[in-house]
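Below you'll find a set of structures to go through.
In what follows, chain A forms one complex with chain B and a second complex with chain C.
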Partner chain A sequence: MTATARHVGPLLEVKGLRTQFFTQDGVVKAVDDVTFEIGHGQTLGVVGESGCGKSITSLSVMRLIDRPGKIVAGEILLNGDNLLAMKEDAMRDVRGDQVSMIFQEPMTSLNPVYTCGDQIAEAVQQHTAVSRREAWDRAVEMLRIVGIPDAKRRATEHPHQLSGGMRQRVMIAMALSTDPDLLIADEPTTALDVTIQAQILEVMRDLREKNRMAIMLITHDLGVVAEMADEVVVMYAGKVVERADVRTVFGSPHHPYTKGLLLSIPRLDERVERLEVIKGTVPSPLNLPSGCLFKRRCPYRMRVCDTAPPYQEVQPGHFSRCWLTPAGEPPDVGADAEGPEAEQAADALTVAPR
Partner chain B sequence: MTEQRATAAPTDSGTGRPKGDTAAGGVTSGGQTSAQRTAARGGSGQGPLLEVNDLVKHFDIRGGLLGISKLGAVRAVDGVSFTVNEGETLGLVGESGCGKTTLGKVVLRLLPPTSGQVSFEGKSLFDLKARELKAARRDIQVVFQDPYASLNPRMSVGEIVGEGLYVHGMSNKRERESAVRDLLKRVGLNQQHIHRYPHEFSGGQRQRIGIARALALRPKFIVCDEPVSALDVSIQSQVLNLLSDLQDEFQLTYLFIAHNLAVVKHLSTRVGVMYLGKIVELSDADELYRSPAHPYTKALLSAIPVPDPTIRRERIVLKGDLPSPANPPSGCRFHTRCPMAQEICKTEEPPLRDVGGGHLSACHFAEEVTPLEVRRPVAGPA
Partner chain C sequence: MANRSEVVSADIERRRREEAEADSAEIDRTPVRTYWQLVRGRFLQNRLAVFGLGVIGVLALYAIIIPSVTDEAWRTTQLFRDDAPPELFTEDGKFVFAVLGYNENGVNLFARLAKATQTSLLIGLAAVAIIMGIGIFIGSIAGYVGGWIDNILMRVVDIVLSLPGLFVILMITAFFGAGNVWVIIFAIGLTGWTTAARLLRAEFLSLREVDYVQAARALGAPPQRIILRHMLPPAMAPIVVAATLGIADSVVVEASLSFLGFGLGGESASLGTMLQGALSYFFSGPLKVIYPGVVLILIVLAASFLGDGLRDALDPRQRVEAK
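Entry: the complex of A and B
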């Protein structure tokens, strides 16, 4: 918290992050020039389909990328300190202390041979100089805060004795036991039933307000994003294709992929005979198309899309990686532009995202 | 256990009590009845194709020294009755452990029932002899949830899709191959891929293979068990559209099982909601959303996040977890988590009854369940 007071500006800044996997079949650009920021107490939703790089982005922030993966470029600033330049020792203190993470499948992230209380107490002792007894009390207290009934008894139980929703609460309790500034939640409710999901989201909302904690929420569920996020980043094939505040993304999306996603989900509150469809499938990361990565599936495809599209600021604070003008028209350089002419136009339209 | 038959005859509004203050009469304002929609979809709407009557499926819990003494039973399906009319889609929703998948498997005769009846076209499925059963299986097919686990990795697409044809007497290889090619084309796959193996396909494509396999024998009835829940959002809509096109083209009847109420509502004519082995509400799909008559349905509706940040809805967060189906609560099974529970709910099990116009609910206080409040405090984006 002292760091918070010193640093003015956003809590987390990710600039030009590139994470690549060097596989036998070639280089997979899992995260390719990703830039975003999260303010104190803000919730950023990162959405996209499987393989879009959203989980790798979050693991990069935690510096949990193992071989054959590698962070090859970019900066990750937490309270102004570059995490990528830190020694491993210092990074260990950041993990858990300032940034905590919860994963999709709570059973595989909890140790089956220790009690829930022990596992939380261990995390507490890692990061604060407290006695075993105090750490245990803190663990029970955390279990109570995340809404586990009969927390004292539950702390003495092993993970297999708890239901899926309970386990995810234990994960959240552990993640929050050290009072982090940033919680990275990677699909925290995907494995859970909707009524249990509602409970977990309620817990997260509650704690966010009480602790003024920022959340990076990674999910494929647009409904969860709409309910939780302040700002949204939409990723496709390793790139950010759209970024804006939550109302803009849902109310007036610019990128054809975002539009397609929003139209393709069945809604409870309306009935349509047919769903809109994004044709085709996500391209293989080893065989990405040239130019715009979405062009093969895009209903607005133009000749100019064979050149990498600009990252435009279509409205103040609303970014989109697409050739269409803010009004949705073909670009000034012409729908059929190609070669250096198109590249120059893309450079001119691209803004340095803040 | 006196379950009422869940035959939601849409015109039977004579005996129905008016539900709540708003939707008087039951067959609600503006909404199509299921029969009308079935007719509109081109189905023949000739009454029930499938009838499920007081179906029970218990799984024994065994233990003891030799592992043979019976310690109890998981009551996965516990007295379920409903009908599926020809040409319609009956949706079944519920959370994990509510028995929806077991129900589907018993209807398919993949699992033997503990008691109860299922009849297809008037004939009891459980009384069929081996030969008759084989014939019935032509008419009843299934699409499974996990496209990665439900296709044999050592069989080519042609073999997977054509196996049923072979088993049912199409022994000419060339004939079979041309039938498979037709099917692949129909479900949107490349006909050249007939000799490929499942691992060469993406999740969405594999689900199409599973659908082609189900279609091969020109069935009348398909049980779809979570057919899209393993798929990405953009692929999910492709498969949903395919299912609905095929229904029109081949006059199919679906039993559509899923946990996602939005998906179920999109495809279904009528929807049944399951909780701990029982159907707690069954009604026309739009009606269910507009005016739920069971507090569990209402809680489910409220728990589903809506992809629209300008909407603020009444938030009902249910307490606790699903109780164990091995030891369900007394009286109404939902009373431990129900925000409306009274004394009577702990002791007396509410029957599934008609609360108006064929809308069935198993709640003592069905008439007092109000529609979910939805507000739009700000119009349009900021």
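Entry: the complex of A and C
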């Protein structure tokens, strides 16, 4: 992008985003009041279990939500322009040009009947006024940049002739062929084996530095986050439960869910009998508990958890949606109350039996 | 930090260069077969399909060449040659190509059959072109856009489908004047597109969710490009089959129309008019019924064999079996 009128401030700001699906069984609040921002050249990791709204958040940013889904509230500002207020035509110019996306499944995200070079060239021609020939050259160049050997020949091959890792590189090449400001990577390494994972991450990191491109990295792999991200957003049942820079999230997490996630990573440097798991399952989005959404699975559960917890700033830049005090203590609720209220407050402090 | 990353990227750069050098030296260069080479391979392995293509080809050549060679013979009546036996030359040494003999009006049957085949094939192809045009347009819009537009279009399909086709065609030909080839083509096209539309819509509904279509949307491709480049080609297999079967269908519909006397008039020759004309002589000259009947059967059979073969050949998931 040319820096003619560069917007001051973060590249992408998502404010109070709500995406809901209107199904026959009721309204599913897939993304509920999500707020975050990504600065130029920054990497944001979005973490959470399956079904917590990570992918829907990214699809909302691209405005690719299909019926019965709908973005019902919020703002998505890219360089200060609200994407949600844009006409579909203008949005199409944003997609692929300013914001690109790579998908989880490299196996099926490429059209099997066209050659890889063809598909990249198509993306190039979509956004820049170049000839067929130039677009093709650009495609070959991009394949070379993402580290595909013998790029010239590979460009003439069909997706089924490439391995999974190569296909993911082709996807990355396609997404980056137009020099986007923001790359949304939806679980880019989940379908790949570990050695290929490392290579793909290396390619992404390398290109991020060269192009000063921001990345929104969606994953449930905390290892990938630790390696790539500057800031982390932890999502649970459609809400952001914790948001902080990567060191804080791994070093001193506040929300019990984040703690649980970290405890459930197998570690090679410690010997433990059994891996900690977060008990229970994610609540059905059609039947969310009142109050804190995590309370049924939370080891710190208190009476106060029946009312929705505040989204508090426990440290500067570190947000958490939990009743626990910034120090991690149970909150001092109604301490100066009297009579039955005081009793209630005392009750609230005790951990309720499961 | 910056220092480290510079070192890292320099390292990556160097490794890539080495890899590239090594690769260009010893890369497996087995020949890559293109999609169309694969299609041809698969098609040629299917004997029935090749047979169908051959029959259609021969009939087409017959229908194009013979009428142009024999000139007006297909409708020239000759007073003293009624039901004359087959001959190649007349008594005065003129080459006439009457290998099937003459009909009750002394018309060269071989030439007339060629003209009739020409008319029927023309009707089949043109009607299918209309059918596919409407069907693909309606089907792809319904399948891609979905929602209430899809609902309305599919109800229109239901309505067209619920009308008895032959009677609608009869009405149209009665209204616009029977006997005109293009009216018949138009009538068949207007009633026959529903199957193609439904097939394509069904294909599109599933293709819309396919990852590479989503990926194309995420890269900012406009709908018409997504439809034409990423959704129509993989949906073509059933459409091609429907089209080839549609040729056979249209030929049969035209024949039935003409047979009922609502198609082309006695002036022009089609398989239907020939059948109808020959019916009165069923017992005295059964061959006059059999000739156009056989051609009709051949067209229908060959078209469906061809359709099956094309469907298998066009499917990109199939591979050529090793012998």
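Basically, the second predicted complex is superposed on the first by the 329 of 354 C-alpha atoms of A that agree within 3 Å, B and C clash if a C-alpha of one lies under 4 Å from a C-alpha of the other, contacts with A are read in each partner's own complex, and residues count from 1 in each chain.
We adopt the following convention: a contact is a pair of C-beta atoms (placed from the backbone, for glycine too) under 8 Å apart; a residue touches a chain by one contact, two chains touch by 3 or more.
All values derive from a computational prediction rather than experimental measurement.
By the document's definition of touching, of the two partners only chain C reaches A:P112; chain B does not.
Of the two partner chains placed by superposition, A:M302 touches none, neither chain B nor chain C.
Applying the stated contact rule after C-alpha superposition, one finds that A:T195 touches chain B and leaves chain C untouched. Applying the stated contact rule after C-alpha superposition, one finds that A:P149 touches each of chain B and chain C.
Touch criterion met: A:G165 reaches chain B, while chain C stays clear of it.
Look at A:R274: by the touch rule set out above, it reaches chain B but stays clear of chain C. Of the two partner chains, chain C is the only one touched by A:A123; chain B is not. In the superposition on chain A, chain A positions 149, 202 are in contact with chain B in one complex as well as with chain C in the other. Residues 62, 64, 67, 92-97, 100-101, 103, 105, 108-114, 122-123, 126-127, 144, 147, 149-150, 153, 156-158, 161, 171, 174-175, 202, 206, 209-210 of chain A are the ones that touch chain C when the two sit in their complex. Taken together, the chain A residues at the contact with chain B in this complex read 49-50, 149, 163, 165-166, 193-199, 201-202, 220-227, 229, 245-248, 250-252, 260-262, 264-269, 271-272, 274-279, 281-282. Chain contact summary for the complex, chain C toward chain A: residues 5, 8-9, 12, 16, 19-20, 22-24, 27, 32, 35, 146-147, 210-212, 214-222, 225, 229-230, 233-234, 316. The part of chain B that touches chain A in the complex is made up of residues 95-96, 202, 204-205, 232-238, 240-241, 244, 259, 261-263, 265-266, 286, 289, 299-311, 315, 317-318, 320-322, 374, 378, 380-382.
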